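Below are structures written as structure tokens.
Shared chain: chain A. Partners: chain B in the first complex, chain C in the second.
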Partner chain A sequence: MGRYIARRLIQVPLVLVVVSLMTFLITRATPGDPVQIMLGMQTSKEAAEAMRKEFNLDRSLPEQYVLWLGKVVSGDLGRSIRLNDPVTTLLAERLPVSLQLAAAGMAFALLVSIPLGVAAALRRNSWIDYLCTGYTVAGFAIPNFGLALILIYVFSIRLDWLPITGIGTAEQLSGGVWTYVKPFIIPAIALGTLQTAILTRLLRSSMIDVLSQDYMRTARAKGLMPATVVVVHALKNAMIPFVTMAAIQFGYMIGIQVTIEYIFAVPGMGSAVLNAVVNRDFPVIQGFTLVIAAFFLFANILADLLYALLDPRIRY
Partner chain B sequence: MSKLSRSSSGQSVTRRGFTAGMIGSGLILGTGRAPALAQGRRDLRVGVWGGEFGNLSPVIRFDIQGGLVLYNIFDNLVEIDFAKRSIEPMLALEWANPDPLTWRIKLREGVKWQKGFGEFTADDVVYTWNFHLESKSFQVGTALFPIDTVKADGKHVVEVKTKQPFGAFPGVTMGYGGTMISARAHKEMGNQAYSATPVGNGAFQIESKRGAEIVLAKNPDYWKPGLPKMDRIVYRAIPDSTTRLQALLKNELDFVTHPDPKEVAAVRRNANFVVNSTPGWAWDYQQFNLKKPDMPYHNKLVRQAISYAIDREAIVKEIYYGEAIATDNQIPAGYMAFRAPMLRYPKNGDLKKAKELMAQAGVRGYEVEVITSDKDWLRKELELVAAMVSQIGITYKIKNMDMGGYNNLWLNQRFDQVLEDITLVAPDPDATSWWFLHSRGTASGYNNPLMDTLLDGARSERDAAKREGMYHKIVDMTLDECPLIYHCNTNNIQVLNKNLKGYNPTPQEYLEKLDTIEWG
Partner chain C sequence: MSTASPSPAAPYRIPSSLALAARQFPRHRLALVGFVCLLAICLAAALAPWVAPYDPVQIKLGSKLKPPSWEHWLGTDHFGRDVFSRLIWGGRTSLSVGALVVAFAFTIGVPLGLASGYFGGRVDNLLMRLVDAFLTFPPLLLAVALVGLLGPDIQNVMLAIGLVQAPILARVVRGSTLAVREDVYVTAARALGARPTRIVLSHILRNVMSPIVVQLTVVFAAAVIAEASLSFLGFGTQPPQPSWGRDMSEARRFLADAPWMFMAPTGIIMLCVLSINFLGDGLRDALDPRAWRTRRRLADGEG
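Right, the complex of A and B next:
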């Protein structure tokens, strides 16, 4: 196990170098000059040249990349061309928000998908199974921004139960638990519904598969309580692919928050990357992409480790 | 000179986001709740557009949403009296132009920098302008280009030598370029830290900046007695206009800027909120690449025909829902030399005249690529304009691009035609004319020696009455030559809780001072 973890961890920087190189090349190949965007048309050539020099944009592409990579190794991700803030500062502000939103979305997905998936598997072809199927189809079909608007209309506008905005505000951070939690509820549901559908369907099929195994018949024959059979013998085994998928989806959710962030005014990573792409803010694009890629990689490693923990047959 | 591109403000809207907004606006509007109780409140929650505020230092380029905050932290040397159309003293008490190349500025005494950084003096002005010049900042090309040298003459007098006579010095250099930084604070904090938490001399000082939220607190040492009225302002950058407006209607906010014009009519019907819609210092306009002599539009008769073919009132009505004013020229109301929004071309267009001009030009019809950015309103406007010019045989092949790609083509003159919008930042006709029409300033390649002479002459003339006459000539020539075709001045709109009093609406979208606003 230790050697496996070490091998996987050694791969991480290599993958990140490849990701960063590709990001670097794509940003440079895309038409658009961040200095022009920043300064507009009514500026002097000297001002543009000074800014290019400041951000090393006057150097050759290989030089730019090597300089950037060298700083990254020392923990410096550069400075935003548009915002003038260090990328690490932006990350420090936005990464926790994105992680919290992704965690909230995943919490919603787990809370719904585990009971629903289990119930649907245990009661195949019953109304609960049809409900599960209908929910997963709807979850796949409804885009998160559309669902977000429906939820806003119902829970914020009509019922006035939940706020539309508020994540990351001083008011939220200085209030009590409910003040802190409530702005997350609608965005988390809108963000997590697709993952709920994915996980519910996966758990249902996995449970059905496990329930048909011989050892399940043995467990029941031993006279174990039905709940014990389901939770200890069936669910634990069915959770193996589920946990793997949940970990991967968590990494994925960090990167797909952008529309939710836009609608709910969440100051997370997605909206920062979107603005950076629009404004060709190279340091932010590169820095944030690197961090998102790192999260995805670590989520995958975590999934593999959980896989081994849940299934003793698996050895690395 | 003197524009802030409304594009680079983080306001860009994805197609998905736009769809969401469209659906949302249909679902949501008209459901505002009763405003929060006003008694005893001394705080204000403001929703502004954009995803983040970015830099807040006046010596580094800032976005519009950053400007909205920055101009409540800093006071300027001068301020604009929008009602009187005049430049009024603020931190500069008086100024004189003893000879064509010298400006002497007398500063207000007793103004303090926030957070104990001492008194505002002439040394701060010298430091700020020299910092701009030495760092070749964004304002050198727009406002500070005339400055040759600047020096302090005592503690409260600044003497500026200009490279050339510059009649627009009070409005442009002291106006747009007149936001000073504290020399001591800037040196101690460094440029980077100062841009995040600047030390100003305005009504409010920065308390915190985190993500998309900035909190300002009352400056206890503010030089204007009795101001500001509020103890605290919380600014939140909310990119989606529907979310921003709905947060106001749900009392999560008290004041919002830049609502979507299509949603304004519904809010007007809600008695709990007040809509300020002020004809703004912002244009929508078409621009031609005149460095392409083979293009049919190189003939000015064709450009005139296009201008006649445009129904500007329809643009105002269909795209801006009435929250704009049709215009055919570059001088908006409130500027020196303003005469009227429409001077030559009919508001509703004149197709007959347009067709006559096309015939006179010998052009039967042609195709041309017209680019615009991914701003929703410009995309729709361009589709409408394309339908209008199709009636005189011109086919606009529309190309919508994201801001980076669009700017790449536009600023490098790799386009045929563009539709663009712009916010004007300096209250002087030089700002609305020189950069757009001078052969050394324009992105359109317009090169007319007579126009250059007029522009340079108006720029260096110090007599206001003479300048006004010169700008009338410049406008008349622009209307005849049509290197740019203006469509409308879009309104600057805010929606606020009806219990808020004392706010003075302005036509300038980033210059919204909140020192006089209070709960009534």
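Right, the complex of A and C next:
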């Protein structure tokens, strides 16, 4: 086990180097000069040269990459060309917001998928099972921004129950629990619906699988309460693939928030990358993609570890 | 020629696996519905100049933000343009991006997957690590970054989505190739002295074709949603060209006054993706002979 974790952790920096090299090459191979975008057309040659020198853009490509990589190892992601702030400062602003939004989406997915998946598996071919199938099929087909617009229309415009902005603002963080939670509700549902569909379908099928096992009959035969049988014997076993999938999906969630951030004006990672791409802000693009990729990799390792932890049969 | 009802004189011919699958497919009712819907959407998009009742880009400020009526089935937008006509024209972009992405993913993903799965070893290791690196980027963000850097243009949109989807397809093909690589007919072909290219192209490819076809429906659905997302963010089709995603982005400003403006594109995207998903389910069953037997057994047992 320890050796397995060590091997997986050693691979992380290797994959990150490949990812950062790819990002580097893509940004440098495509048209668009950050200095020109920043300074405008009328700028003097000297000013542009000075700026190029400041950001090492006057050096050869291999030199640029190696210099960047060398700084990253010591925790320095460089400075934004556009905003002139260190990329780490930007990250410290954006990452918490994105994590909160991802957590909110995941919380919604878990709150819905566990009861729905279990109920559908226990009462197959009942109305709740059809509801579950309908929800998952629709959840796979609706784009999250379309769902977001529908929810805004119904719950903020027609019913006027929920706000559509306010994530990441000072008022939200300083107010009470409800002030904090309220702006998250619609974005969380819009963001988490695809994950809910994936997780519900998975839990339903793994529950059905577990319910047909011999030990379930034994548990019932020795007179355990039906609730105990379902929760302790069935759900616990059915949760193994579920928890793994939830961890993997959580790793995805930071990267798929872009459209949601765009609609709800959330100052998250996705919109920062969007702006950086438009302005060719190379250090920001490289730093942010690196963090997003690292987050994804660690979520995957976590998924594997949870799998081994929950299922004693698995040995790495 | 169909051999469904051979006359007594004709010798019995074993129907091809494709013919069997074609006969199996319509039994999956939802898949048939999906196929018909998708065909209708494709035809409407292809015949847009004749099917669409109005010009999708002509501005008529006199009739702006009109709710659905007999004249304008899905209402009009803030420039007085007919929403229904824009849906039909917008389908051209979405569906052609979908089709191009499928073609791109197939040309890149299938050879890579076959090579990786069949040759194994160092080739496999190298290719799969590359795929891993691609898959650590969130798909939508990668596509946005590529289009943002290359410029918002339909070819770049196609390329960006294709580059995201091809590695996923490659991994599926690799998995299926690994599964059939050790099958007896492959060993037999090798024993007969067939060259690797021949084994891969005429023995393995034929046998991994059904997972490929099913995965391609997934790619198509993902491409339609990705194109809409890119256009929604302003990185895809540029106004005034009609586009499902872009039109939804415009509709955000008129949510309260003209809800039909966002509901119509949302609905058509859902219908399109649902149809493709049902079609994929049907193909999965029709192309897998084991599924036919199970279904028949289930039908016998329960019916």
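Quick note on the criterion: the second predicted complex is superposed on the first by the 316 of 316 C-alpha atoms of A that agree within 3 Å, B and C clash if a C-alpha of one lies under 4 Å from a C-alpha of the other, contacts with A are read in each partner's own complex, and residues count from 1 in each chain.
Note that a contact is a pair of C-beta atoms (placed from the backbone, for glycine too) under 8 Å apart; a residue touches a chain by one contact, two chains touch by 3 or more.
Just so it is clear, the model here is predicted, and its values are computed rather than measured.
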Chain B versus chain C as contact partner of A:A50, first or second or both or neither: first
First (chain B), second (chain C), both or neither touched by A:D33: first
Which of chain B and chain C A:L274 touches, first, second, both or neither: both
Partner, of chain C and chain B, that touches more residues belonging to chain A: B
Which of chain B and chain C A:Q213 touches, first, second, both or neither: neither
Which of chain B and chain C A:I263 touches, first, second, both or neither: both
Touching partner for A:T228 - first (chain B), second (chain C), both, neither: neither
Touched partner set for A:I152, first chain B, second chain C, both or neither: both
Touched partner set for A:T169, first chain B, second chain C, both or neither: first
First (chain B), second (chain C), both or neither touched by A:R94: first
Those residues of chain A which chain B touches in one complex and chain C touches in the other: 30-32, 143, 145-146, 149, 152-153, 157, 258-259, 262-263, 274, 277-278, 280
Touching residues (chain side chain A, partner chain C) in the complex: 15, 18-19, 22, 26-27, 30-32, 137-138, 140-143, 145-147, 149-150, 152-153, 157, 252, 254-256, 258-259, 262-263, 270, 273-274, 277-278, 280, 285, 289, 292-293, 296-297
Residues of chain C defined as touching chain A within the complex: 129-130, 132-134, 136-141, 144-146, 148-151, 221, 225, 228-229, 232-233, 245, 248, 251-252, 255-256, 259, 262-263, 265-266, 269-270, 273-274, 277
Residue ranges of chain B in contact with chain A within the complex: 1-5, 8, 10, 12, 14, 16-17, 19-20, 23-24, 27-28, 31, 33, 51-52, 54-55, 57, 60-61, 63, 135-138, 140-142, 145, 192, 195-196, 208, 210-213, 215, 234, 236-240, 243-244, 246-247, 250, 252, 374, 402-405, 407-412, 435, 441, 443
Residue numbers on chain A that touch chain B, as the complex places them: 30-34, 36-44, 46-47, 49-50, 79-80, 82-86, 89, 93-94, 97, 143, 145-146, 148-149, 152-153, 156-158, 160, 163-166, 168-171, 258-259, 262-265, 267, 271-272, 274-275, 277-280
